[in-house]
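You will see two complexes here that share chain A, one where it goes with chain B and one where it goes with chain C.
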Partner chain A sequence: MSEITFVDALRITIKEEMERDPSLLLIGEDIGRYGGIFGVTKGMLDEFGPQRVRSTPISESAIIGSALGAAMTGIRTVAELMYIDFSGVAMDQIINQVAKMTYMSGGAAKVPMVIRTQEGGGRGNAAQHSQCLEGLFLHIPGLKIVMPSNAYDAKGLLKTAIRDDNPVLFIEHKLLYAAKSAIPDEEYLIPLGQADVKRKGKDVTIVTISYMVTVALQAAARLAQEGIEAEVIDLRTLVPLDMETVLKSVRNTNRAVIVHEECRTGGFGAEIAAQIQEEAFDFLDAPVARVGAKDVPIPYTEPLERAVIPQEDDIVKAVRKVLYRS
Partner chain B sequence: MATTIIMPKLGLTMTEGTIEKWLKKEGERVEKGEPLLKILTEKINFQYESPASGILRKVLYKEGAVVPVTTPIAIIAEEGEALPEIELVKTQTPSPEQAPAAAARTEAKTTGKRVFASPAAKKAAEEKGIDLSSLQGSGPEGRIVLADVAGAAGKATVAETKLKAAEKVIPLTGIRKIIAQRMTESFRDVPHFYLSVEVDMSAVLNLREKVKDEVEKRAKVKLTVTDILVKIVASALKNNPIMNSRFAGDRIHLLDEVNMGVAIALEDGLIVPVVRRADQKTLAEIASNIRNLTKKAKRGKLSLEDVTGGTFTLSNMGMLGIDMMSPIINPPECSILGVGRTIEKPVVEKGEIKIKPLAWLTLSSDHRIVDGAAAGFFLNRIRELIENPSCLLV
Partner chain C sequence: MISKIDSKMCLNMYEQMLTIRRFEEKAIELFEHALIRGNIHPCIGQEAVAVGACTALRPDDFMVNTHRGHGNCLAKGADAKLMMAELFGKKTGYCKGKGGSMHIADFQKGNLGANGIVGGGLPIAVGAGISIQNRRTDQVSVCFFGDGATNQGTFHESVNMAALWKLPVIFVCENNLYGLSTPVGESVSACNISDRAAAYCIPGVNVDGNDVIAVYTKMTEAVARARAGEGPTLLDCITYRFFGHFTGDPGKGITYRSKEEMDEWLKRCPIKQFAKRLIKEKKMTEKTEKAIEAAVNASIENAVQFAKESPLPAPEEALQDLFH
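Up next, the complex of A and B:
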């Protein structure tokens, strides 16, 4: 057991998987000598050589297209998109090719690839480097979406994602890279589609993912001082989506607050809220609440950025509202 | 010949009456003029005397039933005589526990209002057998939420346990029930405001000493301070017509007659018989009138006439040793005056301490009709007359 950061957890996982599967290939911008902008692939070039650790020109289409081609021919590939914002460039490859190949080939072509990328604000990176875009990809059948909230989950989930024969979009959060977790020495895998109750509570269900788990847990701690016991569910993966855990909790608490960093309109919260009312209508004592970013591009200046991205306060207020205490 | 007894219409506004008690049983003989049953209207308890002699062959409604006026309630006939066929008007005698829920249901149905409740609250109410329309929602725009249903369920349990634990339960019937209804309405709907003055009662006590023998000679009754106050207030009302008024929704009725209600405590409650045109009566007439009404009240013999038409109420709690009171207005009147006990107190007058009999007066008024200034002017006029009753002659 050792305490390591999120970045270290990712690096160790990739290294272990590279060793486990000699054909596993890494591809992306600046991942070789530079070691990736967050240092996830540091040392990989020296250890595994330029055949398996490929730095590319600045062309997201080429990265994803090449990775797809390799995967279809049986070479498991981890492609890195430096910022999820840049997926825009590779959108045709992702939504028209990667997501559809298995289906259009009648299952003949497997696509064992992971697109690793990172998203989120809070670092003053402005509108083109701070977005959360999971909602876009959630709308595309054929992609699995994984969004770990801590180093431990990141390791277990990335292993499963790499070994999966379907394309997986693995979205990290830039504010989580330095966060530490205790990681066991022995290998472990976390299945996709299994939410994790990060805090038990009986009064309200907070459904969230990725960095917002941290914020939601802070909000829950504050709410506890008011006598409100919030249950915090970390979905961990959006596809597959573990609604069972969510519904079980909502049936118990009678209220739900969905928190995500992507903007409210068309965010995954809308989908979860819809499923809650479909499956647990009789259990709701208040409308399902959604906390999301305001529907504007993320501002550069720090106070404005904070105003747009959900904060602890916003979650506390939403919880009070569904409990009719505001 | 068979006589059909109907629910009498005891007053212009009476639409229904409650059969409080049958004084004769079915099959029992009753003579004309003998008390047959007690009827309760919104205003009084009334003892109904049999209009015919015979056998009480049929009692059509049980005690507690609320029956519309002119509806047949019993048949008196001779033994073996054929009885007329009478169709019963459907009334129910609700048990006290069922009554409110039943009423709430009917109301919800007739108003056809949609009840807004969260899905979870609806489900919980169904499981617990709670009628949602009987609940007040605490959520946004009155939405009924889980907490309201849980609260109602909790309350029911608490109330039941309390009832079980109580050593004696007094059912709310008769005059108590009417007082409960009317005072609740008044205190809830009428914006009360209170003005108080401490008055010097020397002159009134002097007056009583001076004229009590004369009153006793003329009217054969002892003159009381209350009698004098009735006269004084009636006179003040005549000079302040706005205080002698009624609130009627979108208008205010100023009344010509000054009819003084005088609160009388009975064993089972409070009744307010009325001294009609008190402003035109002499002290002897007022004293005799009040004594008469009190006697009738204590025997339960007050007629509807005796207790209706009041335009102002006076409530004197002095004899009970109360210093000061804030009475609830007797609707639809505009005001009520509460009188406390008279007690000797030191008073500073022109730099000297004197001992004087003082009493507190508190006037409760309906702010929809009058404001502080008008009520204050009126109360000051009462003070003037109390401290200088000779003005009554002017």
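Up next, the complex of A and C:
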């Protein structure tokens, strides 16, 4: 057991998987000598050589498309998209090619690939380097979506994602890279589609994912001082989606607040709220609440960025509201 | 040049070209009778590119295809029965009825699938090239695309990447002179599409795309270069589609092509030209020609019969095959 950062957890996982599968390919911008802009692939080039660690030109479509071509022809591949915002450049390859290849071919194409990318605000990276876009991809059948909230989960989920025979969008959060978790020495995998209750509580269910788990846990700690016991569910993956864990909790607490960093309108919270009312309407003592970013691009300056991205206060207020406390 | 090529191979090429022609004529007819839905983008007139290029390949070589891809599919060894069944939307089709005309893939023959997005397949072919290089085999990856695709960013990203890493990829442009209705002269800034190769320091080769032997010869050189680890080649195969962009394009494209131009190209039919040459050079007798014609017609009838008799998928199959 050792305490390691999220970045180290990712790097160790990739290294272990590179050793396990001698054909596993890494492809992306600046992932070679530079080690990736967040350092995830540091040392990989020296250890595995330039054919398996392909540092590419700035060509996002070719990165994603060639990862797909390699995957379809028997080379399991992890592509790195430096910022999820850059998916805009590669959108055809992601939504028309990667996501559809298996279905369109009647199951004949096997696409064992992971697109590793990172998203989120909080660092003043402004509108084209801070977005959260999971909702966009959730709307495209054919992509699995994984969003770990801590180093431990990141390791177990990335292993599973790499070994999956389907395309997986693995979305990291830039504010989590330095966060540490205790990681066991022995290998472990976390299945996709299994939410994790990060805090037990009886009064309200907070459903969230990725960095917002950290914020939600802070809010839950504050709420506890007011005598409100919030249950915090970390979905961990959006596709597959573990609604069972969510519904079980809501049937117990009778109240739900969904928290995500992506824009509120059309965010995955809308889908979860809809499913809760479809499956657990009679259990609800209050309307399901959603906390999400305001519907504007992410502004640069700190007070405006904080005003747009959900904060601890926003979650606390939403919880009080569903409990009819002011 | 033709005299150097094995007679059997010549006859095979002729038979394949004719198969493509008859397959598509039949598909158009069935489309007009509403037995096939969606779109068909016929490659009639372009058969020499498909057959010339694929004859230079091995079954284990990879191929990435376009929306106008029936010819390339057949030339890469696809079974006309399973293709026709796919066009009929039947369960027995290559994609179990889920892909249709624009998405036929045949992995056993190295056919990684056709693409409904112009330029969408180029990066995929590059990825297959990476896969070959990393697995250290001597396969090659062939990417078919049209003249219009060379204006997409993916073309430039892909050729650059393949050239940079000396990947065994052959970029075969089926240059039929029009991107839907837009002529090459109004869309491509270069004088020739082959000139675009210079930007990536790879050979760019002009090919008479209506001459199957010319395509085969140039392709053979490009394939040898790729297998030897010398990197990609861009073949600019100039050809012409006798039909419109798709079934439903008025007057086979008369809104943007002159009658004179179309008639001129009809005279250069790749199949008629090749038959004439084969007979002249005594590689084929008229009797053999007739026998090939009969065999091809029978195989297409057989394919249609198979497709007609095949079952449609059950509605619940719509939810299958999303993930492995």
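The rule we apply is simple: the second predicted complex is superposed on the first by the 326 of 326 C-alpha atoms of A that agree within 3 Å, B and C clash if a C-alpha of one lies under 4 Å from a C-alpha of the other, contacts with A are read in each partner's own complex, and residues count from 1 in each chain.
Simple rule for what comes next: a residue touches a chain if its C-beta (ideal position, glycine included) is under 8 Å from a C-beta of that chain, and two chains touch if they have at least 3 such contacts.
These numbers were taken from a predicted model, which means no experiment stands behind them.
Counting the residues of chain A touched by each of chain B and chain C gives the higher count for C.
Of the two partner chains, chain C is the only one that A:Leu68 touches; chain B does not reach it. By the touch criterion stated above, chain A contacts chain B in their complex at residues 254, 281-286, 324.
Within the complex formed with chain A, the residues of chain B that make contact are 118-123, 138-140, 145-147. The part of chain A that touches chain C in the complex is made up of residues 23, 25, 27, 51-52, 54, 56-57, 59, 61-75, 77, 92-93, 96-97, 101-110, 141-142, 144, 165-166.
Chain C makes touch with chain A in their complex at residues 62, 64, 93-99, 103, 105, 107, 112-113, 115-117, 120, 122-135, 141, 153-154, 157-158, 160-161, 164-165, 320-324.
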